[in-house]
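Note that the chains are named A, B, C and D in the order they appear, and that numbering of residues resets to 1 at the start of each chain.
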């Protein structure tokens, strides 16, 4: 393998007409022209690689930027927000001392190619965003979508993804406190793996990604750099290698090492606490390229890097390989010269590699040398902040009007009591509603000893401070079917559900993160869906008075020309002053009253019933009422504070029937239910009207609870009583289902489908 | 002065803070011990917590065995100091030959997290003397490699000597003879897979049965005895 | 009785955290001159000879090898990150 | 550059659920004449030759083998459940 001359800045100057594979790297003609313009010459290979990565959709948000601006414009002003959109993750104040940072991110495509490692590195990546804010990661969540549960490829992808999420989280020692798992044929060739992490920090430990302070040293922490994930820029290889090199050796798959990540967490926190770092940034997608250009652009504007100092895992790596590598478990720290020795020593104590690779300058240029020859010399902001911005065309999908009139409310319904009874069982056994413990049992949920509520609760609740009892609640929700019918309302429904799930635990929602999974932005229909969804979320958050603090956009989720359902996944964070007052899922004690807050309308379009029993998707999704949601949240946090509820459970997919099934199976108690006069049992059980919560009121509190509802104008309907002696669901005047039969339907489905 | 219980942090230990909380809630003083320091800081007992030491690569606990601290732990254990290993800590004790047998991949091949019901089979150990004989306890069990194996002769010996300390009531991993935890012959070294330190608060655990572990080692503490390396 | 061994190793460019961890532990054993450790799987497959008994043992071996190739390719190795080799074990080595 | 392979297999009396799982999956691949599958580890150790360079390569191999024996015995295999074999890899097979 003989190497040709290094493509230095000098060489680039001297050979202006050299043909460059910019199109193969995904750069448009005008983008390439702009790069030449910025540099006043042709880019070197390393520079070309850097621009191609930083100006990609994934890093530059070039298609989504113009729409995401709405979040900033509509976000309510709140003193809680300590860091917002644009940072590695949003940070919100919890009390005088503590702040919390959280974010959700996608790792969809890698998880299809290599389910276990793809999912694992997705978890690893989001954890490093949390560390970069100065926080200790304290929990993870995962939102998963697969094709049909019965499809053979799901048997490959699902166990791998779950193993990856579990392995990485378990091994770094983070409890998994919730998530969702849904199945739909639209995700067959394009599963979704969205991972959320949350961390806690003393407010004064908040870190920045600024490379400031001329003369400060740039230190690379963590794993060695290999060829991981450089598939994209490998077209440059043929230009530099005379002898062809095995293309197999340029894997796009990255393998995670949670052990090194754990060491990174501990070492970084020690460095923060000792006040040894000026700036910190994780290396995620786009690796060093992104970390160097973002820290330099955010800081004093200049940086000099000696690339040959980067510890390598593979032989024969070229400068552009090193810059583009997405090797996992690495962070970049900016450190004052006087502290360098200490930083290196502390890293060594944790068994972590740490290497000084450059320093901050005031040149306004990011200069990268390789063995003394300059291969990169660019203004860092041109990479990090000044990428292309597109105003892509939008157009409403042609079929939407037709779909809207194809309402599920007109579908044939179960008529007799026996048919309704059968439907309850069939729905409980359906892939989207069945018990997910085959998945969640592969996740540690109790490490740290602070998990107050985990799966199968509506939201995860974690204690932050043992002395004060203050804690947080988080829920992650999305519904691609609703969003397919109406992306604006669908996104708002996801927001409303996550908000309500948090409220149901007694916590007060305070902030939002989102992961927007869509098809190709080059498709005007997809772009329209995207714009509607973003607007829906921004409008919803404005009404709810809680800001979007960060998130992630994942485009190109499609198989051929077939895009997935637009799938905005929303994470809502809430705060609860005293976690011992949280409201659990379940039934309390015999004699407690079961009631429902909210109104049940005939809303079946997009419902789980329409899908599970008719494979039908049409009509318009349920209505959202944010005023109502806010009143509901206020009520629940009040009732939690006064300990006037024994239990609560959000009504969502599958409606009241499913909420009862879950409460019965979880509490191992029975429910005697009497539907209100004149209520149609089918509609009452299966409608998916939103804003509804099943509550359990301890004896003696009924009047007080009713009063609190009336005071807020919230309709409350008594439904029955808890009965520990009769076990199962008893619907007076209609039917009985014993608990054994319910559990037989609900449990063990996933294992059975996977052949275990 | 309250008893001092050392808690070892290996690279990859995860439950060290949780073990410290359990020790505190149980009325003793937690003392942090570092894997790379051959010092026991005058502790009265040592707790090897769960986690994935060295990533649990190769075999769980295999690499941790070679740490500096394990040299002094082994020495102190031979002089009677109480040593507890939970989950990864149990694996480290087996790999270090402080306890017989080995912990291998769960029979069902998956990591599984489920509360484990167990019977306390022996109360003649430094870590279980405060439990009622035959008491039922519930601790979270969460591991991928927790199936206890040993040859028949060893198993028979363990049974005969009362060295089987905890036995599963619903075996979660295929462990031989439903063994969840064992002791050495002297009863000062105990290892178990399920996590007592995650069963110390009603708010966060499936029970508070784990507090009995700390209570036991407090009760077992000889009046004035130090297990530090002789100088 | 044909016995086949399938060795499955991570591709050389793929990170092997297991191997790295072992490498890092070797100095504790007093071993300092190891450059790299890679850890993979060794799968021993033992074939049944019924039905092949009467044929030549060479044929049995060839068939076992061919079948093992399929098993390795479809089940034992993940082609995205792993390579494998298949070899017949000597009768007497068994 | 000496390369050594250490094969670590579970003792035959220890249940190998992973091997069993593979065995159980074989009929789905159309393979029905496998009697048993055992899954173990293959560890490839590559030694540094600095300092040994000048010596005979045979010596280097012998030393590598000896060291690998120690590594396998102390670290790579757990004698309670596993057996191991150590062998030098051919230079050219590398």
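Throughout what follows, contacts are C-beta pairs under 8 Å (C-beta built on N, C-alpha and C of every residue); 3 or more make two chains touch, one makes a residue touch a chain.
Remember, it's a predicted structure, so these values are computed and weren't measured experimentally.
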Exercise for review: Please work out which of B-D and A-C is bridged by more C-beta pairs in contact, and write that pair.
Suggested key: A-C
Revision key, fill the gap. Whole-angstrom distance, CA centroid of chain B to CA centroid of chain D, is 31
Check your understanding: If you average the CA atoms of chain A and of chain C, how many Å lie between those two points?
Key -> 39
**Study point:** Centroid spacing, where centroids are CA-atom means, of chain C and chain D in whole angstrom
**Key:** 9
Point to revise | Distance from chain B to chain A - Cα centre to Cα centre, in angstrom | key: 36
Check your understanding: For chain C, what residues touch not just one other chain but two or more?
Key -> 17, 20-22, 24-25, 29, 39
Exercise for review: Could you tell me which residues belong to chain B and also touch two or more other chains?
Suggested key: 54-55, 57-58, 63, 66
Check your understanding: Of all the residues in chain A, which ones touch at least 2 other chains?
Key -> 257, 259-260, 351
Study note, to complete from the structure: Which chains touch? The pairs are A-B, A-C, B-C, B-D, C-D
Exercise for review: Mind listing the chain C positions that touch chain B in their complex?
Suggested key: 17-18, 20-22, 24-25, 28-29, 39
Review point. Which of the residues in chain D come into contact with chain C in the complex?
Key: 1, 7-9, 19, 22, 25-26, 29, 31, 33-48, 50-52, 67, 70-71, 74-76
Review point. Where on chain A is chain B touching in the complex?
Key: 163, 166-167, 170-173, 257-260, 262-263, 349-351, 440-452, 463, 466, 579-580
Practice item. Could you please specify the touching residues of chain B with respect to chain C in the complex? Key: 54-55, 57-58, 63, 66-67
Check your understanding: What does chain C use to touch chain A in their complex?
Key -> 10-17, 20-21, 24, 78, 80-81
